[in-house]
Structure formats: C-alpha cells, structure tokens
Amino acid sequence: MSIIYFLDLFGSFAFALSGALMAIKKDMDLFGIAVLALVTAIGGGITRDMLLGNTPVYILNEPVYIYISIIAAIGAFLFNRMLFKINSIILVADALGLGTFVCIGVSKALEANVTYTGAVLLGLITAIVGGIIRDILANEIPAVLTRDFYAITCIGGGIVYTVLYNYSLSQNQVMLITAGFVIILRLLAIKFKWRLIKALPVLSGENSHL
Amino acid sequence: MSIIYFLDLFGSFAFALSGALMAIKKDMDLFGIAVLALVTAIGGGITRDMLLGNTPVYILNEPVYIYISIIAAIGAFLFNRMLFKINSIILVADALGLGTFVCIGVSKALEANVTYTGAVLLGLITAIVGGIIRDILANEIPAVLTRDFYAITCIGGGIVYTVLYNYSLSQNQVMLITAGFVIILRLLAIKFKWRLIKALPVLSGENSHL
Amino acid sequence: MSIIYFLDLFGSFAFALSGALMAIKKDMDLFGIAVLALVTAIGGGITRDMLLGNTPVYILNEPVYIYISIIAAIGAFLFNRMLFKINSIILVADALGLGTFVCIGVSKALEANVTYTGAVLLGLITAIVGGIIRDILANEIPAVLTRDFYAITCIGGGIVYTVLYNYSLSQNQVMLITAGFVIILRLLAIKFKWRLIKALPVLSGENSHL
C-alpha cells in the first residue's frame, strides 16, 4: 500500500492546489483559499465514506490530509502568480490524484460488498466530487460536467479495477495497474484534447421546472 | 409493493429526464447529461439513506436506477428537441415520481422510528433534493424554492401518510392512497397554476452576511 | 447543559432568520423562505451527524428545530422590512449561535474519539455549513469564504475547547468558556471590522479546470 499511500498524499496535494487557485481567482480571503483547498482534496473521500457508512469519516482521524491542504493553500497564496503559469505541472499531479482516488474508492466499495456497478460509481464519486464542490463554492458550473473527457477516464479505471479484481492478483497489483491506466489515459486526454460530444444546440428550449 | 416499485422506476426515469434536459440546456457534454440525469433521479434517495444511516446507500446495491438514468440521458441526448416540446408529458411523469418518492421517504423514516415531523421532513427531502442538486449543478437557484406549489404537495402527502399510518391499513394501501393524493394535488397545481405568496418586495434590503 | 441548550435554540433561531432574509432578498416564495431558514439552522448539525455516523440525524428526532425555523421564516416573512433595519441585532444573535454550534460540534467529535484536529474541523463544519448551504441555494459564493474573520473565530473556539478538555473542568464549564470566547471574539470582529488578507490580484489568471 505504500506507493498508493504516497500517490494519495501527492494527489490530495494537487487537488488542494487546484482548489486554492480557484479561490484566489474568485478573490476569496485566506480562509476561503484554505477551505477550497480542503474540500477539493477531501470532498470525494468524505462523500465516499458517508455513502458507505464508514463513519466517523476518515478525515476526522487522519489529519494529515488537513495539513496537506493547508500547506497547499499557503503555497498557492504565496506563489499563485507562478502557479498559474505552470498549469501543466498541476495537471499532471492532478492526474496522479485522479488515478489513486478511483482505486481507493472502488476498493472500499468492494470491501463493503456492493455491486460492481455501484463500485464503479463510487470510484467515480471519490474522484470527482471534490472538484464539483470546489466549483459549486466558487459559483461555477462544475468543470467536469461541461468541458471534457475527465470523468470517462475514472469510469474506465473503475471498470478495469472490477475486472482485474476477479483474477488472482494482489490488491496492490490491481491498484497499481488501475491507477496507471487512469493516469496514462488522463494524460493522453490532456495531450490530445479529447472531448465528449454534445447534444445539438437547443434554440428555444424552455424547460419549465419539473 | 410491486405497483410502488413500478411507480418508483417510472418516476426515477421522469426525474432523470428532467436532469438530462437541464444539462442539455446548459450545453453540457454527454457525461454532464448523464450526471445530471443520475443525481436528479437518485439525489433524494441517497440523501434520505445518509440521513437515516441506511448505508451503504441503496444505489450502490440497486444499479437498476443507474441504468434507468443512463437510458434517460441517452434518450434526452437523441430526442431533446422533441422532449422540450412534450413538456406536459414529462410534468405528468414527474408527478408520479413525486408521489412515490414521498411515500418511500416517509415509510423508511417510520421504519427507523423517527418522529412524525421528522418523517414528513424526510419524505419532502426524498422528493425534492434530487431536483435541488440538479439546479445547483446547473448554477441556478433551485426551482422548487422560487416558483410554486411543488413542495407543499410533498408536505401534504407526508401528513396524509403519517395520519393513515395509525389506522388499520396495510402499508400498500397507505402508500397508494398517499401517492394518489400527491399525484392528483400536483396535477391540479400544474393545471390551475397554484402559487405560494411571496413577501413584499424589498427595496433596499442589504443583508450583510451573517 | 440547560444554558447551552437555550443558547442552541436561540442561535438556531438567529441562523434561521438569516436564511429567511436571504430567501426574501432572492424573491423566493414562502416555501423557499422556510427551506432557507431550515437549512441555515440545521445544515451544520446534520452534516456533523452524517460525518460522525450519528444517525438517524438529530433533526429527525428533535422537531423543535424545525418549528423554530418555521417560526423564524414566518416572522421574517411578516416583518422583513423591519428586520433588514435591525441587522445589528441579528448579528449579535448569530454570534450566540456560532459559539454554541462550535461547542456542540467539538464535544460530539470528542465523544466519538476522533483526533483533536478532526474535532476542531468538526466544530467549524457545524458552525459554518448551514450558512454555506444557504448561500449555495441562493446562488451566491458563500459569504464565509470571501468576506471576513467569521471562520477563524470558530477555529479559535475549537482550539480553546480541545485545550480546556484536558484540564479538570466539567463539560459545562468547558462549553461555557468556549462559547463565551467565540461570541466575544465574533462581536469584536464585527465591531472593529477585522478582515483576513487576500492574495495579490491575479491579472490574467486562467486556471483551466483540473
């Protein structure tokens, strides 16, 4: 588990940085920066634990993720001009986090004996909910819903994990293969700007509320 | 339970459609459409299960709701121009879902031995939280808070359920009467455009944050 | 516990008022006003209970908080022009709620044997999440993230509580000292308009989504 644990810390730091930078863009104060860093890093994991009933949720007993988020927030606060320029580095770090979060989500779901479809869903939730809460707090439509291939990568990773799970591989092996799959797919998606198709534009769509 | 189960699936499909159509209006990609379909269909039920501590939440073990949402998302993606035109059909389907969701929420609350007021609240939450999350993700003020009689219908249904609960009726009977009450009240509200009153307009209201 | 319980009811009422006034500003109907009152009053406590696994969450068995919120909503509906003018009274009432909510959150966390850092975090969450949900529902960036010293006060209170917790004081004494600390600090912050520093403005920051 040590490589996965290291990737988890590293990915949490990357997620926290993305939250902190969003807060700075939105002109939030230092506390707002820390909150967005924290919720981006831990929002997915907390949601995962609540959905499974793994309570008290992990963050209450593993403060290291809180400290990592605070460090990311202070770092972003001090060096934000530089960080906005090295966006590509953050994207790579974020991909590492993404792969790890998917793995951890799926593995905890399978431990709880949920269905495979449920496990894939939980891996996806673990990976994307932090960023969704970040965007909601920043009063923006969540980026994951509008802009690209991000989530498909997570679903693909979840499927890879649940398939490998039935072969005689150790959990460590399954996790590393899955994380590698997600990370590489994500980096390829960034590199080649893969996008999902959209529906035809709606000209006069008025969907009165349901 | 079979009629309630059928209504539940049907209502989930209607809720998912409303989420998918909102996503299309907001120019989201196919994944965003699927997510809004899914959260609209299952957001209320997941919240209900987390509030009660019924974990792992139902969706992780009953993937049928995930498949229904995906089908609704793909259907909306392909036929959205048509769907925006037959809005009244969707409103009726949504009313069926509403009545069913209220029933299921109240019945699960009573099984957990919470107070009657708590049960009515949980029925309401089960029915409206999915739509609220849909609107938050679409970066809009939730329609249920601003536009009409929608929620009062759910509260009325919850009260009907808790009153009938004390008479010698089977759970099935209570559920069908309650669901019927909600569905009819909702359809009447749509037909006659019932609205709630608003406060007098605030001219210079500046409510500095609390 | 009786003073704390009284402060809790009083603070819940103040929080509910702030939610109701926000709803009126946003032109919501009477139901929207009641919902914003309710979520502002109970959002923090519900989230606390879900994170700890204290389910069914308290509100389902303690309807008094629901009644308080409804009274606040009706009061705000009838007297909103007057209430917007006596904003300073509401700010004081809100400070009482803040101090109490921090205490209750930290004490429940310590009962669940989480780490001290986790307990401070949970006190903060209990105090601010209601207001955050209120602002999200109103489609605004949460005030606590952008405008002032509000949250630091809660963190300070959590630290005071966890420090005192290790001395031979009764829970009542610890709670009253902590609540007093938070309330006084909050009133000073309002009086002297203490603010947190912000990052230097970002001129051309384009943080493509992570």
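So that you can tell them apart, the chains are marked A, B and C in the order they are listed, and the count of residues begins at 1 in each.
The working rule: a contact is a pair of C-beta atoms (placed from the backbone, for glycine too) under 8 Å apart; a residue touches a chain by one contact, two chains touch by 3 or more.
This is a predicted model, so every value here is computed, not measured.
Judged by the touch criterion defined above, the protein chains are all mutually in contact, each touching every other. Interface residue usage between chain A and chain B, two copies of one sequence, is largely distinct: under half of the residue numbers at the contact are used by both copies. For the pair chain A and chain B, the distance between C-alpha centroids works out to 28 Å. Counting only residues that touch two or more partner chains, chain C has 50, 53, 136, 139, 144, 147.
Those residues of chain C that touch chain A in the complex are listed here as 50-53, 109, 112, 114-115, 117-119, 121-122, 132, 136, 139-142, 144-148, 151-152, 195-202, 204-210.
For chain B in complex with chain A, the touching residues are 14-15, 18, 21-33, 35-36, 46, 50, 53, 55-57, 59-63, 66-67, 76-77, 80-81, 84, 87, 90-91, 94, 131, 135-139, 143-144, 147, 150.
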